[in-house]
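Paired with chain B in one complex and with chain C in the other, chain A is shared by the two complexes that follow.
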Partner chain A sequence: MSTLDVILILAAAGCWVGSALVALGARDDRPGLLLGLAGAILASVGALHALLGGPPSRLDVAFWGVPARLEVDALSAAFLLPLQVVAALGTLYGREYWPLAAAKGSGRALRFFFGTLAAAMTLLFLARQGLLFLVAWEAMAISAFFLVNTEHGKPEVRRAGWVYLVCTHTGTLLLTAMVILLARRLGGLLWVPVPPGPPAALDGWILLLAVAGFGFKAGLFPLHFWLPPAHAAAPSHVSAILSGVMLKTGIYGLLRVSGLLPSVPRGVGGALLALGALTAVYGVGNALAQRDYKRLLAYSSVENLGIVAMGVGLGWTGRATGDPWLAALGFGGAIFHVWNHALFKSLLFLGSGSVLHATGTRDMEQLGGLGRRMPRTALLLAPALLAVAALPPLGAFLSEWFLYRGLFASLHRGYPWSAGLALVALAFTGGLAAVAFARFYGILFLGQPRSPAGAHAHDPGAAMLVPMALLAFLCLAAGLAAPLLPPLLDRAAAPAGLSLPGILATGLARDLRLLLGLELLLLGLGASALAWLRRRPASEQAPPTWDCGYAGGTARMQYTGSSFAEPWAALLPGLRTRMRRLKALFPRPQAFRSEFQDAVGGGLVDPWIGRLAARALRLRRLQPGYLSIYILYVLLTLLAVFLWPLLRERLLG
Partner chain B sequence: MPGPLVFPAHVALHLLVALLLPPLVPGLIAKVKARMAGRTGPPVLQLYHDLAKLARKEAVFSRTTTWVFLAGPVATVAAGLVASLLVPFGHTPAPVAFEGDAVLFAYLFGLARFLTILSALDTGSSFEGMGAAREAAFSALAEPALFLGFAALAKATASLSLTPMLLSQGLAAGRLTGPLILVLAAWAIVYLAENSRIPVDDPNTHLELTMIHEVMVLDHSGRPLALVLYGASLKLVVLGALLIDPLLPATGRGWLDWLVFLGGLGLLAVAVGLVESATARFRMTKVPQFLVAGVLASAFAFLLLLV
Partner chain C sequence: MSPDLLIALVMLTNFTLVATSRINKAIQVAVAQGVILGLMPLAMGLGRHVHILAMAAAAIAVKGWFIPFLLRRALRHVKIHREVDPFIGYTASLLLCAAGTGLSLVLAHNLPLKPGATPAFLVPAALATLFTGFLLLVSRRKALTQVVGYLVLENGIYLFALLLVEDMPVLVETGILLDLFVGVFVMGIVINHIRTAFDSTDTRHLAELKD
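What follows is the complex of A and B.
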């Protein structure tokens, strides 16, 4: 059992801590950037080794006499790899996006907490002991809180930060309970898989707490409401790592913890499948209602995490029914989608950061026509755009294809009802994602500028474009190198339980090759059609767009994002549209308004918390401000403490 | 499971039909409509002439457009041709078949639609934006109907590949008749919606406000327009094959199967022409209800197969 991989990755975590500390004192970005890149490379080497078939590598340590274990296996590696890629590219991007010398020291604080976030997550994926896991989890959550609060001068940012902090701690509370139960089940804090045996009654509770606690982090409905404001408020490269990687720690936790248990109770998988389906439809439905394009991307993260959760649920169904093929397709599809989402969502956030940087507004109705003004950004976002709509030939299509295969397989065995429901949800999600992102790209980049904010925008510099270009390349590669991936997915899915070595690699090899052949044919046909179009030169004149005979068209007459979303208002619980009915022969000028409020966050949780806070205010009567009364409290407490041992025997017998 | 490449002669014929036949179908539909209205109508081969003429013309591009404007027409044709390889024409197996190709088939049309919507938005025209929003909304509703149909057939035939799903023996007999009728009814709705036919959309209307698909390609001209028109006719054939395959009788002889398929396609075109002559276009607010009826029909078919 080698320890080299673990040591490499621990060194990487050290590098990230170093890059955090350096940011506090350094005059320029170079030392922090170099340390971060070094950490990313070290960790990627270790993770790749584990993913390409290296043996699990572990290191046993002890903290204050409590044994702890750090381990890298393929599952950890599958999550470490996107983390390092996104963190390194984010650091590079942040150099230009948020200069070190930014106002009020926010540049330094941002770099410090970015480094600690990367280090904490690296450690999280290594931890194989309950306490260590919780410590890394908390370090991650707190770093993310400070990152979200980078612009704490703005009230809405502070609010988003507080909501996030409360939610993440509620999640941690549930996870602490889960760790305690798990320690009972495993007979210690060390996370070593239970040998195959009969299921225990505790298993169901552990999984329930895991789904609730990790679900808070992953943004599963109805625990998602903290996510969109927080991810919209954070600086864009932070949003990229939060959406692209940090949400996935919830998925990692689900896979890891369920992998420790010998079996998954029947029904839990189907329930998670249904929950994921609901999350996916809810997330994408709300994404298409957003005016703030970063919030739109955040809601789309809710959607994609729902899809990943569907994969995990499918895998659990496979485990419950003892069907390795189903388990492999579910877990493999989930992990593949985690990779794809990490790449394309980071790219989308970095691209939206460039737009924000150039225009200064997050309101898409102010923008338009950026494709002509920021051609590089627009071109680099194209692969991510196709990927987020799960279209071929990008990787996200393939990961959904894995899930479709799994769902159709489970129609025949296992749970036909939940599979049927999930199937419809996945198809509907695909259709809605196409609507949401046609709207995103169309309103932002196509057409004409709707306000001066977008009229003078221009592409960012190389420090921001290069990370985007690398991510775009990786997005394309994930689609076109797909036949190479099933062996890696097989290894990564193995720790999640019930897998046969190489089951995906052998089962999908022929289908994936044919699929890839067709995708290459698609690209070839597209290229030749384009060449055919180009052979005939276009007309010299460039007239304005044909406006159906009306010769006074302005940019304000373009279709807007709100009108794009309007047909869906009836279906979306959070979107309210207002328009008076037209009356009389010559109606007065009309106005159309649409407002959005999350149905869970703003609609349910906020009023409830408000009432709770109002009730809690009554307790303030206990604090009247007189010293004598406080002394009375102290005396009464002391008296109670002394009396308790005397009375206990009488009272309890 | 048939191999990736079967019967080279049939594959060649498949490719020829997919490449050359499509422009005939809109001509046939137009002819039927004209006859029903008591007119002579344009020749059946009119679209071939139109395509040849457009290929010689130079294209005019609005000064608002970018490269995205060309992506729509290109993707429509490329995705349509690739999808045509996956669907069996009559009782001849498709040139390429693998488990899960039905998903690729559906998503290829999704790709074409997505890029068409983007190229419409690229012009910055309010009419085209309106058409794009409608197309996006309606196709999102058509998607579940298509997939529930796939789910029902996959459950019935234990396969997720179009060739076995559509060509299984005994699909039209016995216990499966009811679900099959429901699935085909749902797919007929999807067919009319995806091909922008009456009663969902009127390809010949002259009022831009009421258009869906046609308004999205208002700004295309020359060769890009030729690709758009050809892609639309290709879609009529490829999705039409999905609809008529389960109904065609298997003759057991290769050439006769082809004749039956071509006859079936002709009948489908006539049927579309008759529907267009007999009904009016729905009000825009009624279209989602029509599509949801399709979803419900295929959902019911799926439920029938589960119990």
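What follows is the complex of A and C.
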């Protein structure tokens, strides 16, 4: 059992801490960037070694006599890799996107907390002891809070930050309870899998707390409401790491904790499958309703995390029914989708950051025609758009295909209700995602500018384009290299429980090769058709965007984002539109308004918190403002604590 | 020196603190109390533990030299020498302090403590010092006297901690000392700000800051 991998990855965490500290004093970005890149490379080497079949590597340490363990196995490595890629590219991107010398020291704070976030998550994926896990979890959550609050001058950013902080701490509370129960189940804080045996009554509670606590982080419905405002408020490369990696720590936690238990109750898997399906449909429906394109991406993250949760639920069903094929497809599909989502969602957030950088607005209705003004950004975003809509030949198509295979297999084996529901939901989600991102791309990049904000946009510099290009390449590679991946997924899914070595590799190899051959054939046909159509030389001057034959069309005659989404309005639970009915033959000018409010966050939680706050105001009489009175309260409490045991004996006997 | 003698001295300093109206004297007495407490581990025969000795030396250094230095500097800045018109008068404070000491004897008698070789009056003295600190904090009006109250409160905690000194990790003790140091340091800054903002160090003015 080697410790080399774990030491490499610990060194990487150290590099990230160093990159955070350097940012506080350095004159320029180079030392921090180099440290971050060094950390990413070290950790990637360690993680790749573990993923390519190296033995699990562990390091036992003790803090004040309490044993703790750090370990890298394939499951940790599967989450470490996307983390390092996104963090390193985000650091590079941030160099231009948010200069070090930005106003009020926000550049330094941003770099500092970006480094601590990367270090905390690196540690999180290594931790195999309850307390260490919670410490890393909190460090991650708090770094993310400060990152979301980078522009804390704006009230809506502060609000998003607070909502996030309250939600993440509620989640941590649940996780603390889970860690305590888990310690009771495992007989210690160390996370060592329970040997196979009869299930204990605690298992159900542990899993329930895990789903609730990790669900807060992963944004599972109805615990997702913190996510869209926080992602919209954060700087774009931060949104990329939050959405691309941090949400996935919830999924990692579910896989890790369930892997420790000898079995999973059957109902829990089905319930998670249904919850994931609901989350996916809800997320994509709301994505379609957004005007703010970063919120749109955030709701799409809710959708994708729902899909990943469906994979985990399917895997749990497989474990509960003792079916390794279902478990492998579910867990493998979930992990594969985590990889794909990390790549394409980071790319989308970085691309939207470029748009925001160039235009200064997050409102889709102000933009348009950016394809001509930012051709490189538009081109680089194309693979991500195909991936998010789960179209071949991108990886996300394949990871959803894993899930389809698993769900059909599940139907075939006769546990239908949740699998049937999930199948319909998955298909529906894929379709709506295609619509939502056709809208995203069409409104932003095609047509004419809708306001002066977008009229003079231009492509960003190399520091922002290179990370996007790398991500675009990785997105394509994840799809085209798919036949190589099942062995890795087999190894990564093994710690989540019940898997036979090489089950995906042997079961899917032929189908994957066939699929890829078909895709390549279609791509070749498409490319040659395009080449044939374009065989004439392009004319010298670029013609204006085609206006469908209307002479003298204006930008106001285009589809708006709202009008594009209108046919699906019945599906959008949070959208309120208001327009008076048109009367008479020649109606007077009319106004149309549409507002969006999250059905859970704005519709349920906000009013409830408001009522609670109004009631809590009555307690203000306890606050006279004199320090002495406050200390008197402390004294009285202390006396009460001391006197209570004495009086209890006297009074109650 | 027997520990009982030191404990008696601590009790006496408690009463002196409550009855004095001159701020300078209050500071001197509180510092003397801190130093006496710093000597307690030696008197209790704990000198064989190196880390306890180091902690005692650090406590004496902080309470006997650094904190008085900070307090005297604040005193020079604010130019006030007497606590006039406290919330609770001196005679009443003295009576309350006596009542608190009596109560701590009763309490200490009834607390479920580990039987051991601790001096008999250690726990009552710790509780009495704690109550004295609270009394000073509650009844005095000037910010500086309140800092002295805080110091006395911490002395009580320190005395109580001597019960556990052989089991308590160094980290906890260091934490308490750091806490005290930061507390006094911050209060020193706050006092200066109160003075510049309100032209007085009466903490009643802080009520205006209420939300």
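Rule of thumb we're sticking to: the second predicted complex is superposed on the first by the 615 of 653 C-alpha atoms of A that agree within 3 Å, B and C clash if a C-alpha of one lies under 4 Å from a C-alpha of the other, contacts with A are read in each partner's own complex, and residues count from 1 in each chain.
Note that in this section a contact is a pair of C-beta atoms (placed from the backbone, for glycine too) under 8 Å apart; a residue touches a chain by one contact, two chains touch by 3 or more.
Quantities reported herein were computed from a predicted structural model and do not represent experimental measurements.
By the touch criterion stated above, A:Gly526 is placed in contact with chain B alone, chain C being left untouched. Look at A:Val192: by the touch rule set out above, it reaches neither chain B nor chain C. When the two complexes are overlaid on their common chain A, residue A:Leu627 makes contact with chain C while staying clear of chain B. By the document's definition of touching, of the two partners only chain B reaches A:Ala434; chain C does not.
Looking at the superposition, the partner that touches the larger set of chain A residues, chain B or chain C, turns out to be B.
If you check the complex, the residues on chain B that touch chain A are 4, 55, 58-68, 70, 73-75, 77-79, 81-82, 85-86, 96, 98-101, 103-104, 106-108, 110-111, 113-114, 117-118, 121-130, 132-134, 136-137, 139-144, 146-148, 151, 154-155, 158, 160, 208, 218-219, 222-224, 227, 288, 299, 302, 306. Of all residues in chain A, only 368-369, 371-372, 375, 378-379, 386, 389-392, 397, 400-401, 404-405, 408, 411-412, 416-417, 420, 423-424, 426-428, 430-432, 434-435, 437-439, 441-443, 445-448, 510-511, 514-515, 517-518, 521-523, 525-526, 529-530, 532-533, 536-539, 541-548, 553, 555, 557-559, 563-564, 567-568 touch chain B in the complex they form. On the side of chain C, the complex with chain A involves touching residues 87, 106-107, 110-112, 127, 130-131, 134, 137-141, 146, 169, 171, 203-204, 206-211. Of all the residues in chain A, the ones that touch chain C in their complex are 64, 623-628, 631-632, 634-635, 638, 642-643, 645-646.
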